[in-house]
């Protein structure tokens, strides 16, 4: 195994040195007060990153998928109805989970490449005068298509419909990389993992519950034990866990939050935007298109790049891995073979990104696509380089 | 945080240097073939440690508790009956989980300090002519009391009763430290975690399923997604996971299995026995008793030590942590305050163990117990020291 | 290689977790300003640990031996005379180095187990009216015998004699573990390494020069390049080195100094004294004697333990390593085979120390010495345990 | 401190993950047999990398500069004459060291950018019929100019002159990256460090001595102790050191040699050539020139790039560090301000290299040079990309 090149998968991300070290921790007694000095700050720090002052934060030794399960099993009962859009593989999988747990689903299918249609949600919610719908599920950033949806607009739709359903948001590939406003958007459950914006190894499901969601847990009938938030609350009150916590990862989570806060959340988001915009300019310089259909849904954490018809986009990923030792993401589900994905979230610099762009170029040329070597790199360099902004402004005058 | 002294909690254990390094891994693409070179050997290696040639091994980013949930939700349906003994906090918790998931329970309560009564199980199973009982749940090693139960005897009881129920075993604090025979004992589901015998950080539920258990998954009605073994099987067939695997821990698991196999399983078990016997001799030299009531149930991974009536055993644990920076385990549930626990599993030497014994002595003297400093240490030294066996044999002639 | 047990060699010491991590650093450009943020604080921090406000601190990628060579080659010329005592292997080696570099030596031989005779030095210096003696060399703590000498008394002797020679002190196994007063004692050159009181891996020679020593460098005729302090000074002025510095170790040095200062130097010294005193009580409980002949020369970092006549003390070291995986130090030179050494400096707890004492006991019993198992441990426990001081005071009333 | 981007200084190099871990080792007893299992294989492995079957290899806790001092102080006496060429900063520094140690020098100055003139050496040596010249010093790869010299040709010149002088070669930035033939070239002393071709942190001087050099040590009069090879030989015979060895780095050295040998030395050299050639093509695509004057002296480990007259090349290095977080090397001595240096030795991939080239481009454009963004990258990509060789051959037909 060689680990020299950065990875460009849409998570897990490249792990910063300081987080590697924070996670790599000797054993401590997780039932001693020492553990509380890791647990409590971690919960508080995540709350701040969610832009919430009151969300109950739960940290499970699990993954984002476990976070989804935490969200629904603690708040819903068999037969409950949820409203959800399907616009990519990850929204699809959450839907599948709901079905397996005996929930009723109202699914709004939209093209993979589009965002969640808030207006359509408003119609449906307005029509649901009996308030049969208990929860609205939204995937903030579709990792499969590089599409970000407007969660504020969904909240607006729910409010406009005067609907009391809970709003549950999958923020796995957005939280800590793109703006996420738990309180302002009236989110009831937010779900993420350790291995994306938090730049940590996988192994934590990180979940925030609003007061309304906590109320719902009292009557929720779905079975749960491992993911039970009451057991967690009881544990937390004693600076403990109902079982063995992933102490090292939680120590890393504290350090990750400290890094994010030291940089400043808005600066972190701006950095992701800047990196992403450079990638997009490279894509356009290649003469290719994003899977995301319009600028308002461009994701700042993942770019899914459409390749010409008749070309198998997955070959780029395979070739990059075997020939250049660089990892990109393949297309999934409806867009399998049609797109390849460049992950650009978490700990990444412009310089690292340029090496990913350069590699993608070499792969595409190797595989016979009509791409000019250096073209995407130059477009990104022009955007990334120091002073380019100022010069552009001057030139525009 | 200082990390100088070894820990003596009953897991997570002290982590060997090489496992620290194996777990601390840069990000790789978990959807690339590289991941298969970690996944497949890990599953194979765990199978060997379970002493099985056919068990399907599942590795979840979770904990032993998640392993319990995997066991029951994949094989049982609401209303199914399970037979189980309660002889400590961990058997109690698995029982609680079964209840929460809507299972019917036949609970055999025995004193905390005794093993699972195979004869009582045989009676009950023989009486269950309708084969209402779908599963027998057994906690191989009760971490709360330091009591090991005879799983072979339970299999024998089941066979004697001609009962087709599945045998599910919690081997969390036994597997990889004490003899465990998946195939020979006819175990259907075995559950463990990364942080005990495997000496790794917490974060993995490690579960083995027999063919019979795999058959049961086809009709099992309990809801599950995160812990679904079918999704796992489908993923494994493609060298992948249904979600993001804990790659670093799995890399560590491979290395842990290699260490265990290089040492030899029987040698590992003998080492645990030797370490444990030294601790027991120290306990007796102090004039104290084990919670485990008889030699046949003495655990080689954990010793729960009864303190005199009127003395709060938990004070030893608190004092050891705050004064000497050493972690022991407190008594739980029925034996809270009555015992303190010395974990002696995983990566531990006689020399390290002596420092734990010495610390316990200082604590007990500090807290006013009538213990002679050095007495337990001397008893353990006499047992541990080189040549003592030979000399004892000669003296006995 | 297993790394489970602590080491009890007289350095390198057990390395604290945080120092392991501070040293394990990715490559940075050692010619960039970033390096200055490591270099300057490290020099300043070492100065404080030397208890100096003005010493020029030099940090070489080398060892204590390189520090000796730095001391003499930068300040002396061929044929210069130095006064030095020989009371152990390390003072002997420095003498040997002086001879190889063409210096004239006045050697005061004393028994290995005694300190440097300040009164004898005073006589010699008083007699040297021509001030032929350019430097007095003193080994503060003889690592070979566990003997600490009184540097303040030597300074007093020099002053009483009105002698202008420089005072050069080998503080390799004392600095940062026992009180060392560069300014108050009028030390001109102090020499140490990274791997003792600083608790780091070996690889740094750390040297302090007084103004007088810096003046002497202008006329010193001995050849030097690698160890030239002028090249260093020139480099430091540009936040750089004359060659490639050991950046990781220097980063570790900063962290080590921070740890020491956070604990407080006097607390660090008191901790070493406490640990050492427990070891000494164990030695006496065994009925053995220290190599150090009287309490005023007992070292708080190393105890050399005399074994009975006819017994080869080195066997203990060999046996401890091969049978118990524990490292002690052998006797060197005049006391080879007569003593074994227990290092108790740097990062060590009472609990760890007890395991070393317990191991030594087992070894001695294994090898046929008439030692009672647990006796030394009990004596140390009695001293180490919480409250023993208070109880002793009460009992004494 | 952020460590995300690769470094492009001419050493220390980027450190591979496995070497980071091999160096980061807990303390072992360096006087125990365990140390021999690190020491002996390391010496043997270095010998193989030197392409020697008999060189005595010495490993000092020091740097390449210490290696130079080892070379001369162990083999020469005050007043001895050495022949040496000066064609860059590092040959200059070795000359300076010789002067400080009282050696007589015959210096052949050539332009910085040219190699060592073997024909001129032959003339001088032929003229030295009295064999006053005791050693010929040659810098194999001038790190300051990116110029490699032909050591085989120098040996040829010495043989043609029938001259018995020793041949001492500074291989600091060549050994383990470019072909080096200790035996075939009749090298008597080879000097390198840990932080270049061996890809380790700095801290080791690695030196090989021929039988002739070992003979010379018997009469060499220069003072030495720390760098004395006799003390080392005596230590090595007992699997030990005359002082505390840098155990972790030596453990890393073993692992580094294993990596190099697993890859195959010729493959390692070919990889360096390939990486270097891509950099050179980028330089030419920018319309710039190398400092190295002709293809026969192009270094495969460092490229020094000349910038246009009137432009301060050092600004590129400063700007790259402060704006993009990327480290290049500045010009030194005669070429200060005239060149900047791209290090491309050790652990580096084409992909990483492209990010360095892209960064240099951005810097040069930022600073007003007339460089086309993407031009150098495209030239390197065309050379690096898979299949380009085949296509070029086909096109050439």
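We call the chains A, B, C and D, going by the order they appear; numbering starts again at 1 in every chain.
Heads up, the rule we're going with is that contacts are C-beta pairs under 8 Å (C-beta built on N, C-alpha and C of every residue); 3 or more make two chains touch, one makes a residue touch a chain.
What you are looking at is a predicted structure, and each value in this text was computed from that prediction instead of being measured.
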Reference chain A; chain at largest CA-centroid distance: C
Contact-richer chain pair (by C-beta pairs counted) among A-C and C-D: C-D
Distance between the centres, which are taken as Cα means, of chain C and chain B, whole angstrom: 46
Separation of mean Cα positions, chain C and chain A [Å, integer]: 54
Where chain C and chain D are represented by their mean Cα positions, the distance between them in whole Å: 36
Touching two or more other chains - residue numbers and ranges from chain D: 3, 14, 17, 24, 26
Residues of chain A touching chain D in the complex: 2-6, 14, 16-17, 319, 323-326, 347-352, 354-355, 358-359, 361-362, 365-366, 372-375, 377-379, 381-382, 384-387
Interface residues, chain A side, partner chain C - complex: 17, 21, 24, 26
Of all residues in chain B, those that touch chain A in their complex: 1, 3, 7, 9, 11-15, 20, 23-34, 61-66, 68-69, 73, 96-97, 100-102, 193, 195, 201-203, 222-228, 242-249, 321, 327, 329-330
